Amino acid sequence: MRLLSSRPVLFALQLLVAVAIIGIWHIGSTWKVPAGLISQKSFFLLDPFFFSTPVAVFERTWKDFATGVIWYHLGITLLETALAFAIGAAGGVVIGFWFARRRIVAAVFDPYVKMANALPRVVLAPIFALWLGLGIWSKVALGVSLVFFIVFFNVYQGVKEVSPTVLNNARMLGMSERQLLRHVYWPSALTWMFSSLHTSVGFALVGAVVGEYLGSAAGLGYRIHQAEGVFDVTGVFSGMLVLAVFVILIDAVVTVIENRLTVWRPTVPAGH
Amino acid sequence: MRLLSSRPVLFALQLLVAVAIIGIWHIGSTWKVPAGLISQKSFFLLDPFFFSTPVAVFERTWKDFATGVIWYHLGITLLETALAFAIGAAGGVVIGFWFARRRIVAAVFDPYVKMANALPRVVLAPIFALWLGLGIWSKVALGVSLVFFIVFFNVYQGVKEVSPTVLNNARMLGMSERQLLRHVYWPSALTWMFSSLHTSVGFALVGAVVGEYLGSAAGLGYRIHQAEGVFDVTGVFSGMLVLAVFVILIDAVVTVIENRLTVWRPTVPAGH
Amino acid sequence: AAQGAPALAQKAEKPTLTLGVGGKPLLYYLPLTIAERNGYFKEEGLDVTINDFGGGAKSLQALIGGSIDAVTGAYEHTIRMQAKGQDIVSVIELGRYPGIVLVVQKDKAAKYKSVADLKGAKVGVTAPGSSTNFFVNFLLAKQGLKPDDVSYIGVGGGASAVAQMKRGEIDAMANLDPVITKVESDGDAVVLADTRTEEGNQKIFGGANPAAVLYLKRDFVAANPVTTQKLTNAFYKSLKWLEKASPEDVAKVVPEEYLLGDKTLYLAAVKASKPTYSITGVIPEIGMKNALNMLVEFDPELKSATIDLPKTFDGTFVKKASETIK
Amino acid sequence: MSGVGGLADATPVTGAPAAAELEGVRIAFPGSRPKDAPFVAVEGANLRVADGEFLAIVGPTGCGKSTLLNAAAGLLVPAAGNVRIFGAPLAGLNRQAGYLFQAEALFPWKTVLDNVSIGLEIAGVSAAEAKARSQDWLKRVGLGAFGERYPHMLSGGQRKRVGLAQVLIRDPKILLMDEPFGPLDAQTRQIMGNLLLDLWSLDRKAVMFVTHDLDEAIALADRVVIMSAGPASRIIGEWRVNLERPRDIAEVRLTPEFHALHREIWGALREEVVKGYRQTEGAA
Amino acid sequence: MSGVGGLADATPVTGAPAAAELEGVRIAFPGSRPKDAPFVAVEGANLRVADGEFLAIVGPTGCGKSTLLNAAAGLLVPAAGNVRIFGAPLAGLNRQAGYLFQAEALFPWKTVLDNVSIGLEIAGVSAAEAKARSQDWLKRVGLGAFGERYPHMLSGGQRKRVGLAQVLIRDPKILLMDEPFGPLDAQTRQIMGNLLLDLWSLDRKAVMFVTHDLDEAIALADRVVIMSAGPASRIIGEWRVNLERPRDIAEVRLTPEFHALHREIWGALREEVVKGYRQTEGAA
């Protein structure tokens, strides 16, 4: 157990998973199941028309980076993602706190927040474009509309989870509402918030990409859309690969901040 | 304060918000700002080409229900939503627990889960359609792919948040891993889980609708798409209105279950 | 490319433009890509940003919302918008035939030999309410069938459509290139009705039926005649170039990415689509009527509206372009 | 020295209002299931703490001692009766009081030093000064070396002492203390008790001190009250402790007056506990 | 009766292995900041509890009593030394032991009754029987009427008693009890103490009993050990209590043997506490 969780071993295991996935993908998309084995015709397990092949995808990705064409698009998408994440998370935190502390506000607006959360963003895209134009802001809005709700619900719950004794102690120590927020609610809701941030990093990116996909002139979503239009699955998968790698990087940053802000927690005893 | 939070007063306030929103919408979409006041030309604050008018939307919705055409589509969408919600939530809970209890599994798969969470689902629609056909399952898959991650991250965190003393007590009482899950982790993670369920109800519906929007033969998303294709904004908004109302109903069910399962919690002292 | 056009003498009122399109790599919009890649916009002194949208409807909405200046999109939008009181005008025709093809699943070809056999079939269209949907409605009506006699399934215009044809989930499908060329070349489908060719259009519509056009808000055209002229010129040049070009020439001009999926497929699709591109840039009267008939038949909203067809197309700009560009 | 049971021997009514006064207080909690009748923890409790008085409250477990302190702190609103603080009816929190809770109440996300200094910082003391004074207080409670730790790294008794420092450093006018020395060993208890007495003698706060240790109650307090066993418990006995001040806790126990008083209170208390035990044992 | 300091007077080595044996145990916690040196709470602790022996552990606050119990329970793994349970080295949890924690450890989401019965249900007892026996146990700890409540609706002392019932109902071979009677009044304490003694005398479990109350330690135990003040604390004294059994806790205190022993242990302990207080006061 202790051996298994050491850094290099862990990394090796992670690599193993990657190799396995890519291996399956490679075989499925390059080896034809001979005719008569399962069905009449010989066929691919993962038809390269829909799945491309890993070699082609890596080649394309490498080329995109080597020639540098992708940096511009990546930059735009990451900017949108970062903005969507920051604005959505900030909004979720602020409104979440506000709702949690003002019972009536929460009770009155509760159904409307839930309604808003259920609106399909894809349909709203034209309205975002109308209000915010075609620049990055309409994409940011789409990302915000995903991130906000995830963070909001978690912060709202996190604030309500504060230990009543600790809260009473804080009040008896004379804290004002603002000081309660800073010294009690905020640190107590932090774990909740970070849990939601891990989810919402991904959603911020999804929002940005889908926004680009629905209408734009640049960005990874735009590139994916272009590739889809000409059946260039390799291009589609290469775009998604780049997305996936970058979300890991952003998430790592979130984790570093999280560990910084939650040093005080007891380390949980290991499962086994 | 006590007066304000009584049931009928609350309801009246909620109604007030609805009336205000609809009022703004009505005025914005029917009253033209006269020329010269703000800009050269006279214009609508909320152009009915994009926003329709509330009267038209309610009329259409009423007609759809009166003639009964909408029930079939609504039924399909709700079925998809329910399935997406149930499967996604169950998957999130199970995998969340599994990851939280098996450190190594979590550590190894962590980056892959995060990558998967960042893939734009809209782009994956063709693959879902390829594997699952055009029936309800490809839409369910889309919903699941949204719900799963939200629930997963929260359950994962919820399990890790269990009080170490309570956990130690349970272990000293002789609980097996399964009993720990049932008697400790599960009840302790419930609040976390329900917080995520409130978010994911909306997302399940969004997934189903977007799935229908991208390709289907029935459902509210199909109707919305159809309306969009012929620039029938009234139809689009009417569809979203129906969605919004039904998500509130589903959420109410979740809340009832939540209150049932968490009777044991101390009622948090009121904010003010 | 031609030069010395008098329009060049004047400066465009709005040299920086945003142009919308719903799926730029689609062959339907090939003239746009040609104009862009061959530098015709620059030649005209225009700086055009092309914004790609998830679909034609979204680019139209962006035009009306004011975030873009011009759209390359379906001609029928100009008719619909007239019914909705939005003043939109097309200035040059880019595609003279819709290019929509109705195919049936290979294994079911024996069962569905003609449109009349489709009763009770599952028919894939790009989207409910789209022109592919109306096209099938129209074909059915000619056989005395109603839209309700088949069940429509939206399958999109990309890989999903191919997937459904392969899976055999749908019996028939109305779609555009390159989906059609793909399913044809893979041997998954058999053609029932084809509007990519002259004779096909003759058979189905009794003449042309405009597809893609360049349309703008009438206000914009009135306020920026020179800009509009220059835009029209660029597209006109593009049409002239396409008239003479071979599929290989096209492949050389379009962005490399367009070929990355499958070059032979691309070439085949270009070849199949070539007849659909407009030659004169002018929408013939019969074309307008055909388009309107198709819509009126199945859209209750349009049925009650009175459409002034000549208002949908302003031919003066193409005329001027054809005079100056040889 | 004169221990007298019953409320007859109340403090003479002087001109100054009592620091805290509970009058006919009734406190009820909702039943465990919605349909259950409410549980009346305290009924008709009368209690008065004069300014500068050290009052000890003893009583059988679960009788309602913490509940009374909560009422005095303004954390629980009585269903009937009045709570007055320095003569004014209490509305909302009692801002004059410092409360050492029976349960864990430290901020788990703050270091021990920050836990202690937060009260000062809230009151507007500069961060540097607050830290310095907190460090001093930590030393006084025997935890000078533990300032950097987080609460979960402390033993039960150490946590309690941090709580003590957290409350005392604010120097409130009324001190509410719920078993402050519970998890401490006898020796540390005495040290802390003397610390508290020193502090109290400086400016004579009003103190409400809940304890299970009758020795401690008598050694520290001016007056000891005992509560009846719950439910619906109230104050049933009161003794004035006329031992000389300043006292040393260890020494005062050796005096015969102490023993006499102890015996008397103990007798009354024992009866009550046995009664309470029987009541909660069977009743539905 | 013969109180002797030091470990020399260890229980004679019989054939039977000790119920729990700690040998040269060292327990270190990571420092508060990563760069800090680890904090050695216990160093070279030797402790042996024979089967059927009632051992009381006293020591200054923060010396490492809870830490030792955690080691015996298998919750903390010693950095050095051995822990043996009935002769076998302990790997993982000590499944033979029941542990009453010093901190709150009830399941907040279970009713009081379910909290008590869970141990039986886990052991495979039928739900109906488990409930019946739990109700019986609740009566024994004076909470018969409170079975339907959730823990947050109880007073501190009531919660502790639920914990007591939760552990005792399982009838474990080794009992680890960390200040079980801390928040109880003196009278209830005696009732609970007698309850524990009755139970213990039935089948003579091995008990490790941490308390701050020396009276209680002597009244209950066969042997009392005291620990030195931390850090790096260890067992520094040991006294055999040869008072007659069965004992009544209240009465045994009145015997002169009791008083002699008390004085002796108290003397040793006081010294240690004062030392400990000084150590933690200043050191960085």
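By written order: A, B, C, D and E. Residues from 1 in each chain.
The rule is simple: a contact is a pair of C-beta atoms (placed from the backbone, for glycine too) under 8 Å apart; a residue touches a chain by one contact, two chains touch by 3 or more.
None of these values were measured; they are calculated from a predicted model.
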item: Touching subunit B and also subunit C, the following chains; value: A
item: Touch-network distance, subunit C to subunit D, counted in steps; value: 2
item: Chain whose mean Cα position lies farthest from subunit D; value: C
item: Centroid comparison with subunit E (C-alpha atoms), farthest chain; value: C
item: Whole-Å gap separating subunit A and subunit D, where each centre is the average of the chain's CA atoms; value: 51
item: Whole-Å separation of chain centres (CA-atom averages), subunit D against subunit E; value: 27
item: Between subunit C and subunit A, distance of the C-alpha-averaged centres to the nearest whole Å; value: 37
item: Of all residues in subunit D, the ones touching two or more other chains; value: 75, 103-104, 111, 150
item: Residues within subunit C bordering two or more other chains; value: 61, 65, 158-159, 163
item: Per-residue overlap in subunit B, given as positions that touch at least 2 other chains; value: 47, 50, 126, 130, 168, 228, 266, 269
item: Residue ranges of subunit E in contact with subunit B within the complex; value: 73, 75, 93-95, 97-99, 101, 103-111, 118-119, 122-123, 150, 152, 166, 170
item: Complex contact set, residues of subunit A against subunit D; value: 165-166, 168-176, 179, 183-184, 187-188, 190, 262-266
item: Residue ranges of subunit C in contact with subunit B within the complex; value: 57, 60-61, 64-65, 80-81, 84, 86, 122, 127-130, 133, 151-156, 158-160, 163-164, 166-167, 169-170, 299, 301
item: Residue ranges of subunit B touching subunit A (in the complex, touch as defined); value: 1, 4-5, 10, 13-14, 17-18, 21, 47, 50-51, 100-104, 107-109, 111-112, 114-123, 126-127, 130, 149-150, 153-154, 156-157, 160-162, 164, 167-168, 191-192, 194-196, 198-199, 201-203, 205-206, 209-210, 213, 221, 224, 228, 236, 240, 243-245, 247-248, 251, 266, 268-271
item: Residues of subunit D touching subunit E in the complex; value: 29, 32-33, 36, 39, 58-62, 64, 66, 102-104, 111, 139, 142-146, 148-150, 153-158, 161, 179, 182-189, 191, 212-214, 266, 269-270, 273-274, 276-277, 280-284
